[in-house]
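Order of writing sets the labels: A, B and C. Residues in every chain begin at 1.
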Amino acid sequence: MVIVRALMGLALFLVVPPFLPEWITFLLTLAWAKALAVLGVVLLLRGGLLTFGHALYYAVGAYTAGFAVKFLGVHEGLVVLVLAVVTGATTSALLGLLLARYRGVHFGLLNLAFSMVLYAILLKFYAVTGGTDGLRLPTPLLAGIKPPPQSLRLTIYYVTVVLTALLLYVAHRFTASPLGYTLRAVRDNEVRVEYMGASVRQAIYCSYIVAGVLASVGGVLAGFSVGHIVPEVSFWTQSGEFVFVALLGGTGSVVAPIAGSIVFEFVRNYAFKYSPYTWQMTLGIVLLIIIFFLPGGLWSLTGLARRWGFATRRWTR
Amino acid sequence: MGLRDATMDPVSAVLETVSLTKFFGMVRAAEDLSLRFQEGELVGIVGPNGSGKTTLLNVITGYVKPDRGRIRYQGRDITGLPPRAVADLGIARSFQMPQLYLSLTVLENLVLALAIRAGRAREFWAPLARVDRLDDARRILEQFGLEEHASHDAGQLPEGARKLLDVALSFARRPRILLMDEPTSGVSARDKSTVMDTLVPVLKGTGVTTIFVEHDMEVVQRYAERVLAFDEGKVVAAGSPDAVLADPAVRRALLGRA
Amino acid sequence: MSAGLTFTYGVVRILNLAHGNLYALGAYMGAWLVLGWGSSAWPVLSYLLLFVAAVFIGVTAGPVIERVFLRRVYGKAEEIQILLTFSILLILEDVIKLVWGVSPLFADKPYTYMGLVRLGGVDYAGYPFLLTGIAVVTGLLLWLVVTRTRFGKVLISVITDREVSSALGVNVPRIYTLAFTLGAVFAALGGAFTAPMFSLVPGIGAEVIVVSFAVVAIGGLGSIGGAALGALLVGLARATAVHLFPELDLFAIYLIMALVLLVRPQGLFGQVEARRI
């Protein structure tokens, strides 16, 4: 039944957009794409791991697309996506080897450090990365077909939504699986996990790779929808935004990041216009409110979680 | 029989420690402990606070590295193995302070234990909540009298139920050896015998070798088949419950300090 | 600066991400006071003003953050605590922008007053020497306070065992507030006295927190001697990097941090803590 309701929700997102103004479709595309990176942050948070550098993988995805177009002459979007999965997985598998040993503030800030190293590289190696100018991402082909210009936005939107929905389903399976539960158990009690015969390090490592791949795909999708990528995609404020949206949506369900992400994109669109200097302060205050009054995020506020059966605990209640 | 332990037939000892020694700075937590445990027996360990009972369990399960000495299990040297490897070999333990997954429900705690025990900890696609696994878990909850708590978060359980769940989690691994650290501490005096009456038949029924640390003399007297009395990291008396608990040195150590 | 960070962590056990903002606040306040009231007739005044700025920021912001916010999350999950300090970081970033605007603030008078120092035939600016002196003196003071005074003893007892100290009649919450405030003063001092060397732009707080975390991580969280050594290493590495590859200034810190953590996850002086079970 969960699946049926999820598909109904998805149908809504597929049917309505042709009747919406273009800028809304654009914001929605961005929200869905970024929700993948947020989902990565959420998965890690379920294991008690807070990262301040997840934009690293978002940037890896975006620049994989940029390099694929610029240096490999690849224009096929699907190939770019596969490449991004590979680069995302490779990067997270390598860094994960080091990071799976750390918890708490060490984990968070080491991730931050790595993402800032990437930021510095993207900024400084002008010849390859385009420096502050970034790289342009021309419209990709889709299975060999070039989308017609008048329906370009909508095409990218549909690709993004369908792909994200698929990955949400993967994440949903993951959270309900033994590995997903082991990750939650790690957050609760590492000693017991080891005494139970499972490897804490392995659970964290696997989840870290999954989280990295999700963000990397998100980076490609967001890159194509904006059409232009800049080093700021790896900056700490981007990572901070993912953490913020993760908390805003809540960590109780894999659908929560979508809700959080959409709300965030629209609110920012307005807030930024009216009061650019107090934007961070607003974020900070909202975060405080969430921490003290709404630990389950927006998702818990709707109360839909349990009624709709998305909450992961359904089968024991 | 206890004091002659070291000369017993080595083949029949399922678990054996040789000259185990562990100091925490100046504190002697274990000194030259050579112990043997037979297949299927139910051994009680008594001793005042800080006498090294928990440390012995920590060292056997690889949580704490001994300064000196070896641990042999089924003739195999397991000294230095990490807790995970020791657990995989069939030694499980419960804890003085229950170690549970507090944000998961009681049933989830147990189902996860079963999945890990079956070597499925790395599965990321099949759901944890398989029907057969749920059935197994419910059966164990029944055995331990926890079925009414099945859907409660472990963090909300009363102290006694936490203790039981902690033991149940270890028991779910179907170990050859079960080490229990004060299974009845924090449980009201009235419920102590209930807990033990629940545990002991289950354990005896499966033939698991059980070693339990216990403060309550009556509990030890009633349930242990053999008793080791610890003081300052050493065994000061060993043998039948009646003999050990009647030993004046033991009485002094236990009553004088605990 | 890093001494303050590791010090508060040692006591309160929460790594304060907003520590960098206290540094930035100290810097802005210092620069602002110097620009407003500093006079070239009486150079010492401007140093006094820097000091006053730091103490003011420390004793106002410190207790507020500790009492109003941190106090509510002691004993909660570590990620919640980090998130809390992160939200304070976000808020303070904008507070600085609102109060002092986004254009750079540059108060270099205290820097030029010190003039040049001639060493081995080469002229060096005098101010960095003063700064080093101040850093050494405050570091020593902190060390003396911790090891030699009654307050230090109480502090250590609180760190080692919170319950026992509170049973012995120590007012633990008050010690927490004091320690946190002291840490905040140190952060602001660091900010105020380095302010004359740079022109201040919004965002320095975030940059500084990364650097000082590197410093502290290298030394081991909670170790003051370690923080000093970490600061030295980071400083040297940064100088070398700036000299050899001017492009890769910030790299050096991350690299050292990554290397040290790889070899010794607990830092050079930190101790591994296994949970008692």
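Here, contacts are C-beta pairs under 8 Å (C-beta built on N, C-alpha and C of every residue); 3 or more make two chains touch, one makes a residue touch a chain.
Since we're looking at a predicted model, the values are computed, not measured.
**Q** Both chain A and chain B are touched by which chains?
**A** Common neighbours, chain A/chain B: C.
**Q** Pick the pair with more C-beta contacts: A-C or B-C?
**A** By number of C-beta pairs in contact, A-C is the larger.
**Q** So, comparing each chain's Cα centre against the centre of all protein Cα atoms, which one is closest?
**A** If one averages C-alpha positions chain by chain, the most central is A.
**Q** Measuring centre to centre, with centres taken as mean CA positions, what chain is farthest from chain C?
**A** B
**Q** Using CA atom averages as chain centres, what separation in Å is found between chain A and chain B?
**A** 44
**Q** Measure off the straight-line distance from the CA centroid of chain A to the CA centroid of chain C, and report it in whole Å.
**A** Roughly 33 Å, centre to centre.
**Q** For chain B and chain C, what's the span in angstrom between their mean Cα positions?
**A** 47
**Q** Spell out, as numbers or ranges, the residues of chain B touching 2 or more other chains.
**A** 63, 99
**Q** Identify all positions of chain A at which a residue touches two or more other chains, and write them in rising order.
**A** Those would be 187, 191.
**Q** Out of chain C, which residues touch more than one other chain, so two or more?
**A** 277
**Q** Taking the touch rule as given, give the residues of chain B at its contact with chain C in the complex, in rising order.
**A** Answer in residue numbers: 54, 58, 63-64, 95-97, 99.
**Q** If you look only at chain A, which of its residues touch chain B in the complex?
**A** 173-174, 176-182, 184-185, 187-189, 191-192, 194-199, 202-203, 206, 210, 313, 315-317
**Q** Using the touch definition up top, name the residues of chain B that touch chain A in the complex.
**A** Answer in residue numbers: 61, 63, 82-84, 87-88, 92-93, 99-105, 107-108, 112-113, 115-117, 120-129, 134, 150-151, 169-170, 173.
**Q** Quick check on the complex: what are the chain C residues that touch chain B?
**A** Touching chain B: residues 274, 277 of chain C.
**Q** Quick check: in the complex, which residue numbers of chain A touch chain C?
**A** 45, 48-50, 52, 98, 101-106, 108-110, 112-114, 116-117, 120, 124, 187, 191, 236, 240, 243, 247, 277-281, 283-285, 287-288, 291-292, 295
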